[in-house]
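Note that the chains are named A, B, C and D in the order they appear, and that numbering of residues resets to 1 at the start of each chain.
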Amino acid sequence: MIVKLTNNQIAWRAAQDIHDGAYVNLGIGFPEKVAQYQPPGREAIFHTENGILNFGEPPPKGEEDWDLINAGKKAVTLKPGAAFFHHADSFAMVRGGHLDVAILGAYEVAENGDLANWSTGPKGVPAVGGAMDLVHGARRVAVITDHVTKDGKPKLLRRCTLPLTGVGCVTRVYTSLAVIDIEGGRFVLREKLPVLSLDDLQAVTGAELLVTGTVADLIVPEL
Amino acid sequence: MIVKLTNNQIAWRAAQDIHDGAYVNLGIGFPEKVAQYQPPGREAIFHTENGILNFGEPPPKGEEDWDLINAGKKAVTLKPGAAFFHHADSFAMVRGGHLDVAILGAYEVAENGDLANWSTGPKGVPAVGGAMDLVHGARRVAVITDHVTKDGKPKLLRRCTLPLTGVGCVTRVYTSLAVIDIEGGRFVLREKLPVLSLDDLQAVTGAELLVTGTVADLIVPEL
Amino acid sequence: MDKTVADPATAVAGIADGMTVMIGGFGGAGSPIELIHALIDRFRAAGHPKNLTIINNNAGNGHVGLAALIEAGMVKKLICSFPRSAEPVVFTDLYLAAKIELELVPQGTLAERIRAGGAGIPAFYTPTSYGTDLAKGKPVAEFDGQSYVQERWLKADVALVKAQIADTHGNLTYRAAARNFNPLMCMAAAQTIVQATRIVPAGGIDPEIVITPGIFVQKVVAVAHPRQEEDLNRANAVYPGIA
Amino acid sequence: MDKTVADPATAVAGIADGMTVMIGGFGGAGSPIELIHALIDRFRAAGHPKNLTIINNNAGNGHVGLAALIEAGMVKKLICSFPRSAEPVVFTDLYLAAKIELELVPQGTLAERIRAGGAGIPAFYTPTSYGTDLAKGKPVAEFDGQSYVQERWLKADVALVKAQIADTHGNLTYRAAARNFNPLMCMAAAQTIVQATRIVPAGGIDPEIVITPGIFVQKVVAVAHPRQEEDLNRANAVYPGIA
């Protein structure tokens, strides 16, 4: 039996930390799920690099407007109070520190906050998109990821081995097993699945997990 | 008897060189007069630093809208095809080389193309406005000026003595006596008032006037 | 999300001594007169804020708005491009008496420095001012055989902005040439305070015509009948003292 | 002043071998399909233009638009941020066979470099890509204790742009997220060629809602019913060969 959170559950957990009125950018793919789990009563405003603030759910199939897409090229809708703008203004929002949170996926995260999420090495076609801008722009840069690779190797490491997206940029990691902050160049454990011991978790983590206070139980609904 | 063009006549002469479809910025004060003398059949589009393209005549007295002003803070009107934009976009037009012509006033112009038109020295309150941007932005930077100061001293000099607005930026000078190009660091005489001899003109000019071709008569209507 | 605050006094209540404040407008167009006057009211009542650094294209005109702010003795330094006007006596007198500092910046460089502050660009190169007194002490560099001056971003603690319509999210439109520096200053301040002629619910502004997206705005206050600096000065108004 | 030209073929007739061409759009939104196809038609008829350097956020998708331009063998080099897509086979195959050059640029840096080209800013500093492979060989500098990478402007000989409404002066509006890179590219090209769904007389667009002022536009051509790349690809379209 594999004890770990599903991607939906990781996304749910990340969504709980988004405060009311936050401006948020969700990376394409898995991070987009976070939008589904906004806690009731809190209003977040989602930004997409290609020039929309306050977009909403995808439209029903067949009703897509392909001029109304997000950075993942998926059709979206607008919420009241939306705005369109060009790419330079969009990245002024990003680079200028106007986003409260950016949530990205990761190949690797290091205890010094380095992130690798754009290139698996020299083979294939490299593609970076807006990731390198986001990691140096948003006030808080968080990562959501499985705790280990498909082969079971740690994704949380002392140092990244893959090409970097950004240096010292990540401050919180939501994994399938734990919630970990990055402080002073170290992984600080905040929450873990109750069924796991600290040793269990350390065994699948590539750098030391510090415990500086209470480690809360990571409890997430069935999703 | 003073033989020289009036300011209106200098403005008229400068207006003759503005081609159909040109985008033009006129400095505040005297250069604003150039707009009145657009040759019939030619359409120029006037830009003002504070965010309007294609503004027109002042409104009748009493009908001013003080949100619709030019860089000289004078009330203007709009022509069909006008656009509003913010100051960064406005100076992107200027600095980015999108204006065909900028016409400015001058305290001094040097034969190397240097212009001094913003400061008469350390006394008083300095003010520069958009002049330093305009001289390095427009494709053609022309000056309109009386040929000499109120004291009769040359304004066209070997080198400027007052604080510079821009280095090597002016390519044509329309004065009350002549039309002079700046080429290869020299004043090249193109047109002069027919009543003046070359010696007369040279006597009130602070650097050598080159004659490299025909010197045309500077003929201007009564205005 | 509702960024509306009750009145100008509430909107400017957090502005503290020594802050850098951007004030929108070019001459009287787009000048947030009511926000400025609320700030003067606070200073007269409480002695704060003072020692402000103000960023504006001009130095005010007559005895209202920015000129009145300077006249009240609240301004330590002015960063602007054109501190001359028809009636700039307030600034001129203080400047000539060395009682106010001035950083003179070419207008396009001022606009671009503010935009850079808002866009996270710490420095850029411009041909403007190369070889002039205003480039003294600044790094220069050559690109493709041309010489350029390095300029730094400008940021502020607060921006005071005049808009036409705002929605509750802070999306803004402007009116005619009252746009000018306002959208740039919204981007470059930690806290942007906007007076708008009308505040509409979210959804009340077509997303296509939003000029300033709400992400750049923290507070909006309705001023239904804003005064125009030009009208006030033509009536020889003095603040405090005008209706 | 009337910048209208008769048809896409006339609009693109001046584009020559070896030119740098910016093409608007992000994915299919805002991609000027008809202008791109007119360029392909010309190449198939006349053998020109070829050896183009293309600047676009992506590398095309399927076998229409930019992908078809690449497939036709007209493109020497691509400057983009994200050359992956659902169906990027054309570019991928050529790239892996080392038959096309790629300059990979972070998306925000790409946008800012294009804006800088349009705004006369030869270089600027950004935190983006600092310490990564994409900053290799670029100057770095520290401002206020933070490290930044120096990036250069991007300019082009031609920009191909898709707008919603154009007036005869070249003032433009866009549609929804089809705006994206288009307004920036208008600024950064020596010649900007625009396809618009509708061309109206000067005065037909409210000056308040103009997104691209006409000064940035040289030619406009009406394409009343523009194709959407996404729709074409969902229909498995191949150019040439589509209606």
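To be clear about the criterion, a contact is a pair of C-beta atoms (placed from the backbone, for glycine too) under 8 Å apart; a residue touches a chain by one contact, two chains touch by 3 or more.
All figures in this text were calculated on a predicted structure; none of them were measured in a lab.
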Contacts common to chain A and chain C (chain labels):
D
Mind checking the centre-to-centre distance between chain A and chain D? Centres are C-alpha means, answer in whole Å.
30
With chain centres taken as the means of their Cα atoms, state the distance from chain B to chain D in Å.
36
Could you list the positions in chain C whose residues touch two or more of the other chains?
112, 115, 119-121, 126-127, 174-176, 207-208
Tell me, which residues of chain B touch at least two other chains?
52, 84-85, 88, 91, 94-95, 136-137
Which two-chain combinations touch?
A-C, A-D, B-C, B-D, C-D
Provide the residue numbers of chain C that touch chain D in the complex, in ascending order.
112, 116, 119-127, 141, 143-144, 146, 148, 152, 173-176, 207-209
Given the complex with chain B, which residues does chain C contribute to the contact?
26-30, 57, 59, 81-86, 88, 91-92, 95-96, 102, 104-112, 114-115, 126-134, 174-184, 211, 228-231
Across the complex, what residues on chain B touch chain C?
48-52, 65-69, 71, 73, 84-88, 90-91, 94-95, 119, 124-133, 136-137, 163-167
Residues of chain B defined as touching chain D within the complex
20-21, 23, 43, 45, 47, 52-54, 78-85, 88-89, 91-99, 136-137
Show which residues of chain C lie in contact with chain A when the two form their complex.
1, 115, 117-121, 167-169, 171, 187, 201-203, 205, 207-208, 210, 213-216
